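Read through the structures below before going on.
In what follows, subunit A forms one complex with subunit B and a second complex with subunit C.
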Partner chain A sequence: MRDVLLAYGIFAMYYVLTINTIYLGIILFSMKKIFKIMKESFYSKYDTLSGSKHVPPISILVPAYNEELTIKENVRSLLALHYPKYEVIVVNDGSGDKTLDVMIDEFELTYHPPTMIQNTIATEKVRGVYYNPEFPNLYLVDKENGGKADSLNAGINLSHYPLISSIDADSLLEKDALIRIARKYMENPDEYVAIGGNVRIANGCRIKNGMVEKVNLPKKMWPMFQTVEYLKAFLGGRIGWSEINGLIIVSGAFGVFKKDYVVKVGGYRGGYPGEDMNIILKLHRYMLDNKLPYKIDFCPDAVCWTQAPDSYKILSSQRKRWGRGNLKNMIEEGRFMFMRPKYKVMGWLTIPYNIIFETLSPYFRITGLLALIGYSLLDMSGWTIMAVFMTINVLFGTLLGLGSLLLEEMAFQRYPKFRQYFKMIGYTVLMFFGYRQLGILWRFLGHIDFFKKNNSWGTMTRTSWNEDEEDQAA
Partner chain B sequence: MAQAQMGSRIVQSFHHFLHYYQVSQLKCGIIIARADMNEKQVDKLKSYVEKNEPNTGCQISYDKEEGLLGILLDDCSLGYTHFYALHVQDFLREQRVLNGGIMVGSFPENSDKAEEMLFGMLRQMIDRPDSQEGIRIYQGKKEQRNHEKSILIVDSDRDVQKLLKTYFNRKGYQVTTAGDGKEGLERFEGVLPSLVITEINLSAIGGYSFINQVKSITNEKGLDTEVMVLTNKQLEEDIKRTFEYGVAEYITKPFSLVELEARVKRLVNRQPKNV
Partner chain C sequence: MFSNLQAAMWMIGVLLVVMMLVMTVTLVIKARKVWFKKKEASILAEYNDYLDYVQLQLDEEERLRTPLKPLGSLEKKVLQKELLQWVDRLDGMHRRKLLQLCDDLGLIEFNMQRLKSPFSLTKIDAAYYLGALRTGKATPNLFSLLYKTKFDSSVYILARSIVQTAKDPSEVSEALRFLIDNGKQQAQLIADISKETPLDLRELYTRFLEESNPSYIEVGLIGLQDQVELDLSERVHRFMESENRDIRQAAANLLIHSMDLTDEDVEYYLQFPDWEVRKLFAEWIGSAELIQYTNLLRKSLNDTNWIVARTSGQSLIKLGEGGFEVLCEVAGRLDQHHGTAIAKELVEEELKHSIDQAHSLEDITTYNQKVFVYQKFIGENASLTRVM
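Right, the complex of A and B next:
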């Protein structure tokens, strides 16, 4: 019995080490790519590009549900982006508040019957489209409530341009974010099907006139953990994954997609959180099934600022939602690509990594820990092995965290002060004493939600999106 | 008479502030009231207005010799100053110390020079001590514009700002610069230049809405300010749209300084309309 426990415990330790080793590999790819990215953005003239005729037009889709307080400023800010040709499509998802009226009043929009909307993707009933020739690149779609994915689909149906960009109504785009992604896209317009932007945390920053005026680190603990976590995920993780074309997610807060292919894979999937990962999985699968050359990339210098949950309650519900969405995506899409040679990097690396080391990690980690504790209770002599493994784990993890901070400091330097740097390092280490463990727990609780509410998919999105709104209101 | 009012205690206590408003071109409001008060009542007034209008910074000064009360309000337009004066009037009436009229004025709405406005207001109050109760608005001297050949440049690119400022300064123009639409609008209201050169890609207030607001201010005040667009945007839709907004010129970057100056000259040196 003791030996079995020990063996399993050691297996779990190796499991954690393997995660870290894979992550190290990914971070090395990020390091390799970051030099290219730095040179690219250094030698690009975004000012000139932002007025060029050769930049492809983009339709920006803004799903809005109960956003009456912020929608006006956000749309104004979007209308002043530095980009040659684009349209802003706000989709009012049957809001219960005055979102629709606020928009109509502010921009003096007039009602048009929804005849101009093509029914490319089926959505909830569209009540009408609002427009004002004074603002030629602004549309407001009013539809019955159907969730975020459904709103995006309705936006796609109206959109006039070949590229679409999904943006959360509560996120702030930097003025040149779109043109930076477009420049990337123009490198290879035939092959790019999706490009994600970098999401940064706006808590603690000074925001004025719909812009982040002064960047600063959050003052509260939860947003601060998330800042470090996002840096690690986006810079350490996504740059590396994109280098080997194995990116599994483009953040829902800000990404650009080729519309044709989004339509071909059936648009966004509703009824469940995680529609942003879902669309990327479907795109990978579609392109590989049809043997089309393609790339899905990440553009770390295109920045979108978002408000992170700043209380335990909201954060845990967000993470549970992510856990639920992740599990759903793996069951729905991931397992068809798991270890299939046809799906190349996705089949051999991304999906197995995600299923074994992300989706299933709570089970391995929790049981492994229990096994080790059980073993220690049976025989106190084993504690040294545990201690050594744990120390290696923390040191390895810290090293990876520092690697991501290094990437940030090399390429972007958004937090230039020494004090900020030490604060970030401090939190990178602190993450291993509580926050990471909570993350695992939240994911596990998300899975429980998934199995409990398996039959009531439809009703869940609404509440989950509500929670999002509460995040922002808080 | 003039001497008396120059040495007035009100002038002494407001002098530095007004100088600051003049230099920074920020708004301020002034209220002058004829009243007989003692120290205690002045203090009482202060706490009264602070309670009623806690968000407005105010300075109170009382000149015993002339029996005049002066109030200086930070960042107040004429409309707001007038509103504020109603509170003051209520208080003075309640205390039964008001024995004449009240005069209100706001810089730069009623005068181009902040200090001269205060002098003018005091002079009028002293010259007409018998005036009946009620709030009057000071009508000061207001030249349409400080300088005939003034240009406002709005561009987020510091290099463009600097280049144009140096270049046009040397050619004898008075140049003001701003980095975004909001700052641009503030500068515009302060300087009222004869020409605005602006980028369309602006932050805080976007280029189109900046042009729109400049145009509506111009129409409202009957100015002959022209707007010229100097932008990275090369799309025909943008050109079409800006001309619909009543813009006089559209130049795309990269640009030639010689050509730009020629076009500026044509716009600035036109026969001024009868205003």
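Right, the complex of A and C next:
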């Protein structure tokens, strides 16, 4: 029994080490690409481009469900983007709060029957379209509740331009975010089917008129953990995955897509969370099935600021949802690409990595930890092995976090103070003492929800962007 | 077990060393950037009076003087960043004077030296500023750097600098040909880069139209949109039949810019199989206020593509009183055509917009005229009256 537990425990140790080693490889790809990104980011003429008529027009789609607190600032920030030609389509997904009224009042929108909407992709019933010629590039679609994917599909049906951009209603785009993605797209418009933007945590930042005026780290613990987590995932991970065209997700918070191909793959899949990963998987599959040259890329200097959950309850609900969505996507799309030569990097690397080291990780990690604890209880000398394993795990993980912070420092420097750097290192280490384990547990609980067919959205509350100012005023 | 544990201990040691290294590098970069920012602020403070002098003397005839003290490399970097921001915002004599000053400050020589650096980031930085300095002397060096650079985003930065520094269209042509021959279908970006030069590129763009590679044709068509050749429209019409959507779009845009179209041409393109071309022409009639095509827009209100139909309606509004009357007439019909619904929607939208915008007596008179036309064709409308 003791030997079996030890053998399984060692297997689990190597499993975690393999994950970290693969991630280290991905970070090295990111390091390789970072100089190219720095050149693009510092020396491309964004000012000239943002006034150029040669830049492709974009339809920005903003699904909104119960977003009365943030929608005004979000839309105002979108209307102030430095981009030559674009439209903003806000889709009210049958909100139970005053999202619709807030939008109508703020922008003095008037009702029109939904005749201007095409039926390219089937959606829930659209009640009407609101418009004000004073804001000629703003549309508000009011429809019955059908979920985020359904709202995006309704937005596509109204959109007038060949590129679409999905943006969460709780997110703020930097003024030049769109033009930065567009410049990348213009380098190879035939092959780019999707380009993702970089999502950063806005909690703690000073927000004014829908813009991040001063960047700060969050004051609360949960958003702080997510800040270092996002830095690692976006800079350490996505830059590297995009270098080998193996990106599995373009964040729903901000990405640009070629509309034709989104329509060709049937639009966004509704009914389940994880529609952002699903659409990317479908695009990879479609392009590779049809042997079309393509690229799905990541543009780290195109920044979108988002509100991170700041309480245990909301965060756990979000992560369970992500776990559920990931499992559904792997069952629905991933298994068709797993180890199939025709799916190239996706088939040989991205999907196997995702299934073995992401989707199934709760099972290996939880059981491995239990085996090691069991072994240690049976033989007290085993504590040394456990301690060494834990130390390696923490150090390796911290090294990956430090690598991401180095990338951040080289190319972006959003957190210039030394104090901020050390705070981020502190949280990178702290993550291994509870937060990571919770992440595994939430993913596991998400799987249980999936098997129990519990498809509720869970807890989700929004905070006003002006919370700090309101607090001060109070 | 012992050897496993020993290996693990070794691994811990290696990880700790690498972590320390990564942290040190990060902190050094951070410290350097903080130091540079402070230094930059102190240099700008030191040269504040000099920069004020430059601004004040820009309108004067005489050549701008350089500072009395010779500039170090850090001072050159800081001042060039500041001065070239002004260069980008100015043109004509002011720009020429500033560029002359930059030359006198030794910035051209400074960047030419940096172009030889072994570090690619320094080379790109130098190329970027040489482009901004518009120095013809740098063009050959920029070309040799372009040819040695791997084809990625850097080549667009270098090509832009070459186009900015070019003194002859043949140099622009060489840079554009390099991008087209080696890159993907990036015609819009190349056309945007080509706009950086003040040189007349009409002949170059026209030559591109004769090429077999569609990217050349597209760049040529886009480029000519700002440098219209009046005798060109005959040649452009044939590109409207191209199988390439981007070429059709670029050709349609050029035809619209040339304004050299017959009534038959306009009618033909409003019924063109490609809906994007139809939309473009419908939009153009409205924005150019070509009232002679009012009846063609009336027909387009029933276009099978809703975007074209709606654009036609919006253009009718832009045509003024006559266009609005046509829209009301269509809206007042009792048929089930989707054009009727679109017309009605647009008419009501326009009336609401007009009353919101009515600030003067003239505005109110215009609004009343519209209401009169509305009532003539559609009659009293309860919902509209409520809004009013």
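Note that in this section the second predicted complex is superposed on the first by the 452 of 474 C-alpha atoms of A that agree within 3 Å, B and C clash if a C-alpha of one lies under 4 Å from a C-alpha of the other, contacts with A are read in each partner's own complex, and residues count from 1 in each chain.
Simple rule for what comes next: a residue touches a chain if its C-beta (ideal position, glycine included) is under 8 Å from a C-beta of that chain, and two chains touch if they have at least 3 such contacts.
Here the structure is a predicted model, which is why all the values come from computation and not from measurement.
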| task | Could you look at A:Phe336 and tell me whether it touches subunit B, subunit C, both or neither (first, second, both, neither)? | result | neither
| said: For A:Phe444 in the superposed arrangement: first (subunit B), second (subunit C), both or neither? | reply: neither
| query | First (subunit B), second (subunit C), both or neither: which does A:Phe418 touch? | reply | second
| request: Quick one: classify A:Ser52 as touching subunit B (first), subunit C (second), both or neither. | output: both
| said: Let me test your reading of the model: by the given contact rule, A:Tyr363 touches which partner, first (subunit B), second (subunit C), both or neither? | reply: neither
| subunit C versus subunit B, contacts on subunit A by residue | C
| query | Can A:Ile392 be said to touch subunit B (first), subunit C (second), both, or neither? | reply | second
| note | Both subunit B and subunit C touch subunit A at residues 47-48, 52
| Contact footprint of subunit A on subunit C as seen in their complex | 1, 5, 8-9, 11-12, 15-16, 18-19, 22-23, 25-27, 29-30, 33-34, 88, 120-121, 124-125, 128, 152-154, 156-157, 160, 183-186, 188-189, 191-192, 195-196, 222, 306-307, 310, 338, 341-342, 345, 349-350, 352-353, 356, 387
| Taking the complex as given, what residues does subunit A use to touch subunit C? | 35-36, 38-40, 42-45, 47-49, 52, 54-56, 108, 110, 112-113, 115-116, 118, 131, 133-134, 160, 183-184, 186-191, 384-385, 388-389, 391-392, 395-396, 398-399, 402-403, 405-406, 409-410, 413, 416, 418, 421, 425
| message | Quick check: in the complex, which residue numbers of subunit B touch subunit A? | response | 157, 180-182, 201-207, 209, 231-235, 237-238, 241, 252-253
| message | Under the definition above, what is the set of subunit A residues touching subunit B in their complex? | response | 47-48, 50-53, 76, 79-80, 82, 84-85, 136, 175, 208-211
